Amino acid sequence: MANKLDEFRSYRTKMNDRIGQIDHLGIKRFFNLDGSAYKDGPLDGKTKELLGLVASTVLRCNDCIDYHLIQCVDAGWKDEELFDALNVALIVGGSIVVPHLRHAVETVDTLRAEGKKK
Amino acid sequence: MANKLDEFRSYRTKMNDRIGQIDHLGIKRFFNLDGSAYKDGPLDGKTKELLGLVASTVLRCNDCIDYHLIQCVDAGWKDEELFDALNVALIVGGSIVVPHLRHAVETVDTLRAEGKKK
Amino acid sequence: MANKLDEFRSYRTKMNDRIGQIDHLGIKRFFNLDGSAYKDGPLDGKTKELLGLVASTVLRCNDCIDYHLIQCVDAGWKDEELFDALNVALIVGGSIVVPHLRHAVETVDTLRAEGKKK
Amino acid sequence: MANKLDEFRSYRTKMNDRIGQIDHLGIKRFFNLDGSAYKDGPLDGKTKELLGLVASTVLRCNDCIDYHLIQCVDAGWKDEELFDALNVALIVGGSIVVPHLRHAVETVDTLRAEGKKK
Amino acid sequence: MANKLDEFRSYRTKMNDRIGQIDHLGIKRFFNLDGSAYKDGPLDGKTKELLGLVASTVLRCNDCIDYHLIQCVDAGWKDEELFDALNVALIVGGSIVVPHLRHAVETVDTLRAEGKKK
Amino acid sequence: MANKLDEFRSYRTKMNDRIGQIDHLGIKRFFNLDGSAYKDGPLDGKTKELLGLVASTVLRCNDCIDYHLIQCVDAGWKDEELFDALNVALIVGGSIVVPHLRHAVETVDTLRAEGKKK
């Protein structure tokens, strides 16, 4: 059965394809630059995905949290490390972040459940 | 000669002392919790200071950027690593972050100049 | 029939329980501190719930608005008082707050309808 | 079949009517002032709707984006002009704006499909 | 000697006068509406000034904090009540609010010192 | 005598040069992309500078407001058109935008005074 995370993934793919069709050079370059920002560099990609997760959490964007959590789990971050990063986001951003913490924890649980099925 | 960073440091110390005098239990506990969030845990303190820096940058708070840069330099992060983290903040937060990137780079330079004097 | 507010309430309870299981000391303490902030103190709890409502509205978080509206209605605030507080949030936060004003008014109406059923 | 945009339109109408019933003078005046801000003046209304769209996008409010896109399409802005404006919002607001760019493009497509049916 | 608060007051007066000269009907009406929002209504003005203070603090605007603190002290709020309200802002808004808490406490102290001179 | 705007201009130039020296490919590309976003395209550059001004104002960044006002005046926008755009920002962003409206009007006046000297 499709869960909320699958819905996000298919909507994201569909709309990113549509945005590609628009063929606006600035938007295309921004998307490339966004992808490159999380590649290995002076900091490794794994660390930068965690930075992206915390930035997304304090800015309170559930879709961005989901995207970076998918990448973070892929990169090998463990649950307790993710929750420790989310605690930093919580203390910086305050209780207004709590609904996004709930969302993030649900997404981590969904990702782990998917991992067990494989 | 006192630089902008020294002004921040002395104002921060003076006002944190004054806030301590207020003796509000909630505020005191929040300050303690804030300090604890960056101690070694599932993630080491060094990594969490970098998370704090990126969170402060996307939320566009110069004082918070300065505080976390002081901690990051203390923790041993190198310039190119700090700039790579700030690049993540820039791509997540957009051009509205640029004035804070300028401020952050100036603070890194001040901190390195202080380090050479010691 | 379950309404949107009931969905929020059951999701909130489920995920807060799950977050409790994570057993992260910082997160636990933050949740306690958050709860304490609205207890009677120099300001009474009733007034502080209204402060929480306005803070949630200008920061544009529907879940936070719902939570504080539940508490505000419980604490005895009347509709016209709640709307007068929301007007302050509207003038401070601007038209970007309007969708959250719609949400808040819908939640107030749901809460009053629930009150009549009891 | 009702699409997401129709849901927004009917919810918006229903709740704006309900807010009118509340009869709070400040809220009523704010709604009038909000409407007036986009009328022809030193700048024409068409330009101001585009300003409203970009402001809504960088502040990341999907309902506000939908409202201003409806007005922008009505005012005669073409797709490539709307996407060029959204590119400004993307560069100013960063990747945190991307989920709202997806939403905006979907809404533009829905509006154009509605236009063809007429 | 002119303190920071006096500078804010004279700059605010000077620029509000200049904005009045611009004679833009929308801006003028907004300023009137803003003033009216804090007058006695279903909630008394004293309570609404406290709401304005907390809204300004979580949105992290020092000038707005100063303006509402001047009004709050005028309205008769005591220090411990103001600090209890600021604690709500701190828990809602997180550590990113701390620099503005420092500013707010400094302004309260300046206002009390002015009160003693009279 | 150096005014606030001149200070911004020289600080901006100095730090942008310094950021160029850092030679981070991602940051460099972002700066280029940022510059390109305001060039003539489906929308002309003049209109896009006005979009940048309104985006900067609702996001409450004085340096960004100053930068876009310089460009807007250069592009030929008249005072009453700029104030009409700022009125849109004010209604969207609320009274929290007022201190930035004051700053913007001061900058417009400085720019016009500079224009008369030439």
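When the chains are written out, they are named A, B, C, D, E and F in that same order, and each has its own residue count from 1.
Rule of thumb we're sticking to: a contact is a pair of C-beta atoms (placed from the backbone, for glycine too) under 8 Å apart; a residue touches a chain by one contact, two chains touch by 3 or more.
Not measured: the values here are computed from a predicted model.
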item: Any chain in contact with chain D as well as chain E; value: A, B, C, F
item: Superposing rotation of chain C relative to chain D, computed on C-alpha atoms, to nearest 5°; value: 120
item: Label of the chain whose CA centroid is most distant from the centroid of chain B; value: D
item: Farthest-lying chain, centroid of Cα atoms versus that of chain A; value: E
item: Between C-F and B-F, the pair with more C-beta contacts; value: B-F
item: Contact-pair overlap exceeding half with A-E, pair selected from D-F, C-F or D-E; value: C-F
item: Same or different residue numbers at the chain B/chain C copy interface, by half rule; value: same
item: Centre distance in Å when chain E and chain F are each reduced to the mean of their C-alpha atoms; value: 27
item: Gap in Å, rounded to a whole number, between the CA centres of chain D and chain B; value: 37
item: Computed distance of Cα centres, chain E from chain C, in Å; value: 24
item: Multi-chain contact sites of chain C, meaning residues that touch two or more partners; value: 26, 30, 33-34, 37, 41, 55-56, 58-59, 64, 80, 83-84, 87, 90-93, 95-96
item: Graph class of chain-chain contacts, one of line, ring, star, complete, other; value: complete
item: Touching residues (chain side chain A, partner chain F) in the complex; value: 25-26, 29-30, 33, 36-37, 41
item: Residues of chain B touching chain E in the complex; value: 11-12, 15-16, 18-19, 22, 24, 26-27, 30, 34, 55-56, 59, 61, 63-64
item: Chain F - residues contacting chain C, complex; value: 58, 90-97
item: Contact set on chain E toward chain C in their complex; value: 33-34, 37-38, 41-43, 47-48, 50-52, 54-56, 58-59, 64, 78, 80-81, 83-85, 87-89, 91-93
item: Chain F residues within the chain E interface of the complex; value: 60, 79-80, 83-84, 86-87, 90-91, 95-96, 98-99, 101-102, 105-106, 109
